[in-house]
Every structure is written in C-alpha cells, then in structure tokens.
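What follows is a group of structures, each given as structure tokens.
In the two complexes that follow, subunit A is the common piece, with subunit B as its partner first and subunit C second.
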Partner chain A sequence: MAEIPLSLAEKTFILHGIDADFRNDGRSRTHYRCMELETKLMDQVHGSARLRIGNTDVLVGVKVEIDTPYPDSPGDGKLEFFVDCSANATPSFEGRGGENLANEISNVLALAYQSPDAMDLTQLSILPHKKCWKLFVDILILECGGNLFDAVAIAVKAALYSTEIPKVKCATLDGGEADIALSDDTYESVKLDTTNFPILVSLYKIGDSCVVDPTSEEEMCSSASIVISVMPNGRISSIVKMGYGSVHPTTLSKTLDMGTKVGIELNNEIISALKREDELGLNREIIGFLR
Partner chain B sequence: MIKSNKTEQCNYLIRLATDRIDHSFPCNQDQQLIFFTPGEEISTQPDFLKGHGTYVDQQGILRASVAGPLEKVNKLISVKPYKTRYQGEIGDVVIGRITEVQRKRWKVDTNAKLDSALLLSSVNLPGGELRRRSVEDEQSMRRYLQEGDLICAEVQSIFADGSLSLHTRVLKYGKLSQGIMLKVSPALIKRQKTHFHNLTNGACLILGNNGYVWIGANFTDVDRSDGGFTQDLSRVRQENREVCARLRNCILGLAKSNILLSDTSVTYAYEESMKYNIRELLQPEVQLDVALLTHQRLVL
Partner chain C sequence: MPNDSKRINGPDATVPYSIYTNLNSESSELLIKNQLQFRVDKRKHNEFRKMFIRIGVVSQAKGSAYVEMGQTRVICSVFDPREIPNKAQYSTQGELFCEFKFAPFASCKRKGHQQDAEEKEYSLIMQRALEPAVCRHEFPNFQVDIYALVLDNDGSALSTAIMAASLALANASVPMFGIVTAVTVVIYDDLFIIDPTYKEEALCLKTIKKLKPVNHGIIMQAMLSQHDQISEFFLTGSMDINFVNSSIDILSKTSNEIYPVLQEALRKSILKMIKKKNQQEK
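This part shows the complex of A and B:
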C-alpha cells in the first residue's frame, strides 16, 4: 500500500489522539467516514458497484457464466474473486507491484464468503453435476486512502446485491447432455439472496486500543490489524490477522466484540442505502465518476 | 422540502451517488473559459507566440500540451494546467518531508517535480554555533533529521535541473513537532507577506507555498532557538487537539470548494464552523455550507 513515512512527532500526536478517543479528524475510534455508494453503473456486467470512502475508491463488477460444478460439490455454484490494483492508486502498483496486496484481498474475501451460512452456493446451481452459474467478482482498486478491506467488502456486497442472473426457463437432461434454455426477455432475471452476505471490518491496533476505518496516516502507526467478516446477524465467518505485531488473547476477544458491534451497524447502513437506491426506480440517473 | 431532504441526508453514513454535492460555486459566467486537453488544436495561424503548456506539431499547428484553460496576452498563447505540481520560486516558504539522507544533504519531498535538497551547510545546527561542517557533523546527520521528518524551510535557490535548494538558516524554520500536515493544491495557497500564522484560537498555522499545510499543536510559545531539534512529545491537551481537528476539517472543506487559503479565510471558516461539531464537518453538506459562509464574508 501507499507508504507515507511519518515523523515521530506526528505518530505521537496520532497515538495520543486515539488514546483519548479523539482522532485527528474529530472521529471517535468506532466511527466511519462518510461513504458514497452507487450500484448498476456499468452496462457491460451483470452487477456493479462503486464505493468511495475518504480517498479510497473501489469499483466492482460481477459477471456470470455457465460452468460445470466441481465433482466434490455437484449441487453448488462457483464464486471467484479477482482483485486488480490500478497503478493510478499508487505508482508502486505498477507492473506486478500490486499483486501481493491483490492476492491478500481476494483470499480474505474468499475466506469470508466460504462459509455456507454466509453464502449459499446452491442458489447458483442449475443442474446438479452438470451445470451451474459461476460468479466472477472483479474488483478494481482505483485509489488507496486507507481502509481498503472494508471498502472492498462493502462494494462487493453492493455489487452482488445488484447482480441480476438471467432466468433459466428450462433445464433438462437430454441423453446425459444438459439442455438449458434462458428466458427470451433479457429483463427477466433472478436476484441473489444477499441477506447473510458478510462484510469485512478491519480493526487496526494503534497503541493500546483498536480503531476502525483508519486514514492512511493512521495505518502507518499500526503494527497489527485484525480483519473479521461479520454477517448481518452478528456472526463472524472469518478472522485474519495482518501486520507484524502480535495480539494478546484478551485484546483479541475485546476486539472481536467491538468489530461485531460495528459490523452489525455497518451492515444495516448498507442495506438501508441499497434500499433507498432501489426506491429511486429503474430510471435513476447514473452518476459514475463525473459531476 | 429540499432543506428537510438535506438534513435527512446528513444522518446517513452511506450516501448515494445521486445525492453527490457539487462543491464549486457558480462563478460569473461572462468570462467564458475555454478548456483545452493535451493535444487539442489551439490555432493554425502561424502568427502566435507559443507560451507555457503549448507546442507546435510537424504541421505547424499550435496544440495544448497540458489540460487547462487558455490564457491569451496579445499574441502570446499559454495554457494554464488545471492540476500541477509545485513550481518553486526563491523565497517561498515550503513544508517538506525528508525522504533520504545523503552525503552532506537531505532529500526533501516538497510536492515539486523533483525532490528538493537541503544541504548540511544550510541548516542551523543544534546549539546554534556557526562553523564549518566537519566530518563528524556529516556522520551524525540522521540524528538531526531522519527519513519521514517534517521540516519547514525556505527556497534558497533553484538548481539547473529545476530542483530546489532549501535552507533553514532562520530560527522560525526547522523541524516541525506535533501536529497535522495536510496536502492541498499549491494553487490554493494565497501568496502573502507571511505564511506563519498564530491564530487567535491559539494554534499555529503554516501555509506552505507548495500546497502543504501544517497545523501545529504547540500552543505555548515554544523556544525555537534550537531549530526545533529538541521535540516536545508530551500529551497535547484535549481542547488544543479539538482546535487542530476543527482547523483540519475546515481547511479541507475550503480546499474542496477551491477557496484560496490565507489566515483570514481559515479564521472565517473556523468561526463559521463553530455551530457544527467537529465530526459533522466531514459531511459534504456541512463543508459546503461553511465554505459558502466563508466566501460571503470574504467578498464583503
């Protein structure tokens, strides 16, 4: 990620601020910055979303394709995450520079969505053993301004929420060969059941306390972070620790409590934002990156 | 109706793109600015003088080399870039961050095209003694300033390649202590006699010509006779911290609305922002409101 070296005095100032539960921009430890969300902004994909939080900008596109299921899970569909770090974000992403971070993010996402409680892959099945839908979730990181994981996860959830899978009219087995007919009406589509989709909450340990949604300056002061994926019902589907620092078990359990609380609230916010957008109807103006 | 809708918007953490707010003010429309993109044709007539931001291609057509509005002075045509790095001028006050310690010099990031240099001979050594720099001084350079440290300096000269040479030979310059550094466009800093301001709320503000702004958290008059090399890392009091945070949010809000930053505009914005709490100042609607009120007071 974009590394900004800070001086000792700046770090001290940030550290003391977090200690006093008053950060440099006036937020408390559990407060997020304002976000801006837009879905269905691209025509070329089945579902898309763009999220901007602070200076972090993430664009997500979801494409669906018909594929054959894995032999060991014949009744399930497939879900794949791919992250691309644009060199627009930081020059260090040029060439293969962003690959490590991209792999890290896609692994964390895959882990979060792996649990059958979080995402029920059977809803993507068309004909067991023969055909299923495969979701390609492509994530493009356009700008890095701290708190990448949370931003990516929110955008992914919004994009999956907006995804419209073409409706299968009939699927039959014809002499061992699958015969699938899609609906003639391109607007006829099925939506994913997103009720349990998790989001990521990363908690950065700075000093003795943990903060959510750090700016890139605050990220520089942190030695360790815990990324947890929280489902809307408050259950945690995965926990990943990042950074070189270590976390004491008691701190960990306290952090998880805090993360769950924040995660539930954030989930509600996302759902309410998506509902508000739905209310605007089909003829909503697409803003995108302009204006 | 619109008003109530707006206040409703403020309560949401996640906003929709359709509610995005335009931070720019409607300006006087009588002078239409023509915006050029790189490579766009400006003129085919040969009797123009090409200025900054333009070039003549093989066909003899004058084209823009940067993106921005056209400026015309008699026959001289230039395109003023919309977004640019800092072009240094001698005597400018700049804020910079040390990126590298080299032999006899520090490399400083000042938002210019090339890293600037701060020579060992152009700093005041701790203790203030004036002498030739010895090998020992050279070896202990990292003790004075190391990578990541913030400094405030003045542009002493410009090297042949366009990079800047800085100096900190006046006591007000030197290493910066606790506080917040912000980055805005260099074009937003109003050129003034002094760029050091001790605001009435007690904070110290340095508006660097290079677009870097420093909000110092040292409220007591610090003795700067040592060039800032000894740092006070004690806890900053909560009310002082709040002043810094409010200033930070105000300055970022003003910059979003492209209001020139000076001690007056920052003080006005600070005063107008008092009706909001500090965290509300992160919301676009509130930022625009404060910027508008500041603008109104500035034109009065």
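This part shows the complex of A and C:
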C-alpha cells in the first residue's frame, strides 16, 4: 500500500488519540468518513458504481457475457473480480508494484461472495450444462487514501445492485446445441438478487484498540488488521488477517463482534442510500467520478 | 518450479470423471450431516489425526521438514537468506518469501505446474502466518525463501504446510519467537470438526440452496502457542458470529495440544545432530 513516512511523534499522537476514542479528524473508533456513492454512471457497462470515501476513489464496472458453465457446477453462473491498482493512485503501483495488493483484494472479494448464502450463482444460469451468464467485475482504484478493502466492497455491492442483465426470451436445446434469444426491448432486463451481498469491514489494530475506516496515516500505525465480510443478516462469509502482526484470541473475538455490528449498520445504510438513488428516477443528473 | 510459459501443461479441456458418477445422488442436508457425524476413521470430532514429523530431510536446503497429518503429506524447505531481488530501497525488516504448491497429482483433480489462484492465495496466507513468528529485524534487507510442496492432499493441507514451514525455519536456524501451530476446523450446522479430511472439507463447502441458511465453512487458525497470539485467521463459508467466537476457543485448545508434539520433534532432531557431531569429533 501507499507508504507515507511518519515520525515517531506523529505516530504517538495518532495512537493516543485512538486510545481516547477521539481521532485526528474528530471521529470515534467506529465511525466511517463521509461517503459519496453513485451508480449507473457509465454507458458501456451493465452496471457501474463509483465510491469516494475520504481520499479513496474507486470505480467499478460490471460487464455481462455468455459463457459455458463449469462441468462440476453445471447449474451455476460465473462471477469474477479483477482489481487494477492504477499507477495514477500512487507511484508505488507502477509496473507490477500494485499486483500483490490487487490479487489480495480480488481474492478476498471472491471469498466473500463464494458461499451460496451470499451470492446464489444459480440466478446466472441460462441453460444448465450449456450456457450461463458470466459477470466480470472490474475494479479500478483511482485514488488511494486508506481503507481500500471496505471502499472496494461497497462499490462492488452498489455496482452489482445496479447491474441489469438482458432478459432471455427463450432458451432451448436445438439438437444438443443451445439456442438463445434475447428480448428485443433493450430496456427489458433482470436485476440481481442482492439481498445477501456482503460488504467488507476491515478493523485495524492500533495500540490496544481497533478502528474502522483508517486514513493512510492511521494505516501506517497498525501492525495487523482483520478483514471481515458481513452479510446484511449479520452472518460472516469470510475473515482474513492482514499485516505482519499477530493478535490475542480475546482481542480477535472482541474485534469480530465489533466488526459484525458495524457491518450490519453499514449494510443498512448502503442499501437505503441505493434505494434513495433509485427513487430519483432515470433522469437524475450524473455527477461522474474524480470530481 | 520456474515459471515457464512455454511449458506444456497438458490438455486443459479435460474434466475429472467423478462428475459423471454422482450425478443422480441427491445431496441433502441430512445426508451431509450424517456423513459428518460419524467420521470414516472413527475419530472424535475434536481429535486430530496422528502426526509424523521428520526434520532435516532435504540435504541441499538450509532447513527442511516433512510432516504427515494422516494421509496429508507436506514437504517444506527453507533456503539461506539472500538479498531481496529487484529492490531499490533498504528495508529494515527482513522478508519471507513463501511458495505453496500442490504436487500435480496431490488432489482429486490434477493441478498444473504453475501456481493457480488458490495456491497463490495460500502462499500469502502462509507468509502472514509465519511473519509474526520470525525475528525479521535480525536479517534486514534479506529474504528467506520457503517452499512448501503438498505431496498428498487429504484435507488440512494449508495448516500442515504452515507447521512444516515453521519447523523448517527452526531447523534452518532462522531466529524465531516461537513455533507456529496451525489447525483447521470445518463447521456444518452445529458440528465442529477438527482436522478435516479432504472429503469432509468438500462436504462443508457443498452448495445447497434452501430458505434457512445453514452454518457451513472452513476456518484455519495459525497460532504462536507459547505467546498465546494468533498469527493468522482465515475463514470461508457462511456462519453466525457466535460460531466463529467459539471456534477460536476450540482451535486455540487444539493448538496447545499440538504444540508439544512439534517441540518434541525439534528436540529430537537437535539431539540427533549433537550426537552426530560428537561421533565425528571422536
């Protein structure tokens, strides 16, 4: 991640602030920064979202294509995540510099959406054994100001929420070959069932306590972080530890409880924000990204 | 294994024949639970398999270990510290480079020679599990290479590889804070099954769609037992938070049980080394 040089005094200042539950920017330990979220802002994709939280800017596009299902799960569709850490965000991402981080983020996302409780892949099936939809979720990191995992996951959830898959009018087997006809009306489309889509909450251990949504300065003070993917119903679909440090078992369970609580709240907020945006209708003004 | 894009990986359009054998067998929740309730090897749910450990098996490596956990077999070797390649800046902390690989014939489905996404992910998990255990400030600007190869995968391959790697690191005299023990548990409904076999792992991730979600998933926890610190926690599946919390206790307890086994294996290997040295002096 982007390395910011911090002196010992600066680190101590941040640490003491967090101990007193009063951070540099006035937030408490469980508070997120203000977010800007917008969906359906790109023309060439089936679903898109852009999220800005603090100085972190993420753009997500979802493309839909037709593919053949995997032989061991013939009734399922496919979902794939690709993360691109653009060198625009930080010079350290240049060349293959961002590759490790990008792999890490796409792995964690894939794990979070792996369980059928979180994402039911059967809704992407067209003809079992023959044809299915494949969702390409492309994530572009435009600016990097801390808390990438949470930002990416929220943007992905919003983009999938806005995704419209063309309606299949008829799908039949014609002499063993799949024959698919899509609706002539381009506005006729199917939406994904996003009720259980998870989001990621990363909790950074700084000093003796954990914080959510750290700035890049706060990230530099943390030796270990826990990334939890929480579904709206409070269930956990994946947990990964990041960073070079270790944690005590009781700290871990306390952290997990805190993460779940924050995750449920955040999920509710995101869903209500997306619904409010929907109510604005098709003619709303599009703000765009990097503004 | 060097990354050679020209290497012929064999036809990739093939499928395992097993998908044609169980096409008609309807899998239900009850059936899975029944299969998990009574384990094939008659173990209790909180019992781990018999371990076999041998340290210093690879003569060319600085340190190495071979660990068997039931039918799961992992060999791991550690090489001398070397300067971090392609790095301009000086780093005050040494680095660990981990490579986790399944042998092509280790699993049910044949794996390619190059690392796939799962193996890359496991490599990173291994690295994060071992980093807190190694005194990295002792070798600044150097990296230690750790290669783990799973020869036979019968479940809990990742946790076995982590244990093998920590023993190999100790065998290579890399300064460490402690030995890392790692344990896998699978969860299905209200069952906690320690040290699962390949089949038990697969059963817990089997996709069944129904109205009420059932707890299922795999948790791997790596731990520094003597310091009571968790160095890596990795969960996939879908479960209630209370289950995660209670599994931390179960995993920590099992880690504490495994720790003396690893310690004893290390002690034996050192005694053997001293004996050999004494004989040479005579």
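Here, the second predicted complex is superposed on the first by the 289 of 291 C-alpha atoms of A that agree within 3 Å, B and C clash if a C-alpha of one lies under 4 Å from a C-alpha of the other, contacts with A are read in each partner's own complex, and residues count from 1 in each chain.
Here is the rule we go by: contacts are C-beta pairs under 8 Å (C-beta built on N, C-alpha and C of every residue); 3 or more make two chains touch, one makes a residue touch a chain.
Because the structure is predicted, anything quoted here is derived from the model rather than measured.
When both complexes are superposed on subunit A, subunit B and subunit C fit side by side without a clash.
With both structures placed on the common chain, the touch criterion links A:138 to neither subunit B nor subunit C.
After overlaying the two complexes on the shared chain, residue contacts for A:67 are found with neither subunit B nor subunit C. By the touch criterion stated above, A:33 is placed in contact with subunit B alone, subunit C being left untouched. Vertex at the C-alpha centre of subunit A, arms toward the centres of subunit B and subunit C: the angle is 110 degrees, rounded to a multiple of 10. Contacts of A:270 after superposition on the shared chain: subunit B is touched, whereas subunit C is not. Of the two partner chains placed by the overlay, only subunit C lies in contact with A:231; subunit B stays clear of it. In the superposed model, A:84 lies in contact with neither subunit B nor subunit C. In the superposed model, A:252 lies in contact with subunit C only, and not with subunit B. In the superposed model, A:120 makes contact with subunit C only, not with subunit B. Taken over all C-alpha pairs, subunit B and subunit C come no nearer than 10 Å in the superposed arrangement.
The contact surfaces that subunit B and subunit C form on subunit A in the two complexes do not overlap at any residue.
Partner subunit A is touched in their complex by these residues of subunit B: 12-18, 20, 22, 97, 99, 147-150, 176-181, 217, 231, 233, 235-236, 238, 241-242, 244-246, 248-249, 277-279, 281-284. Residue ranges of subunit A in contact with subunit B, taken from their complex: 5-10, 12-13, 16-17, 20, 22-28, 31-38, 41, 50, 154, 266, 269-270, 272-273, 276-277, 280, 284-285, 287-288, 291.
By the touch criterion given at the top, residues 15-16, 19, 93, 117, 120-121, 124-125, 128, 131-132, 136, 207-209, 213, 216-217, 219, 224, 227-241, 244-245, 248-249, 252 of subunit C touch subunit A in their complex. On the side of subunit A, the complex with subunit C involves touching residues 71-73, 76, 100, 103-104, 107, 111, 114-118, 120, 122, 226, 231, 233-249, 252-253, 256-257, 260.
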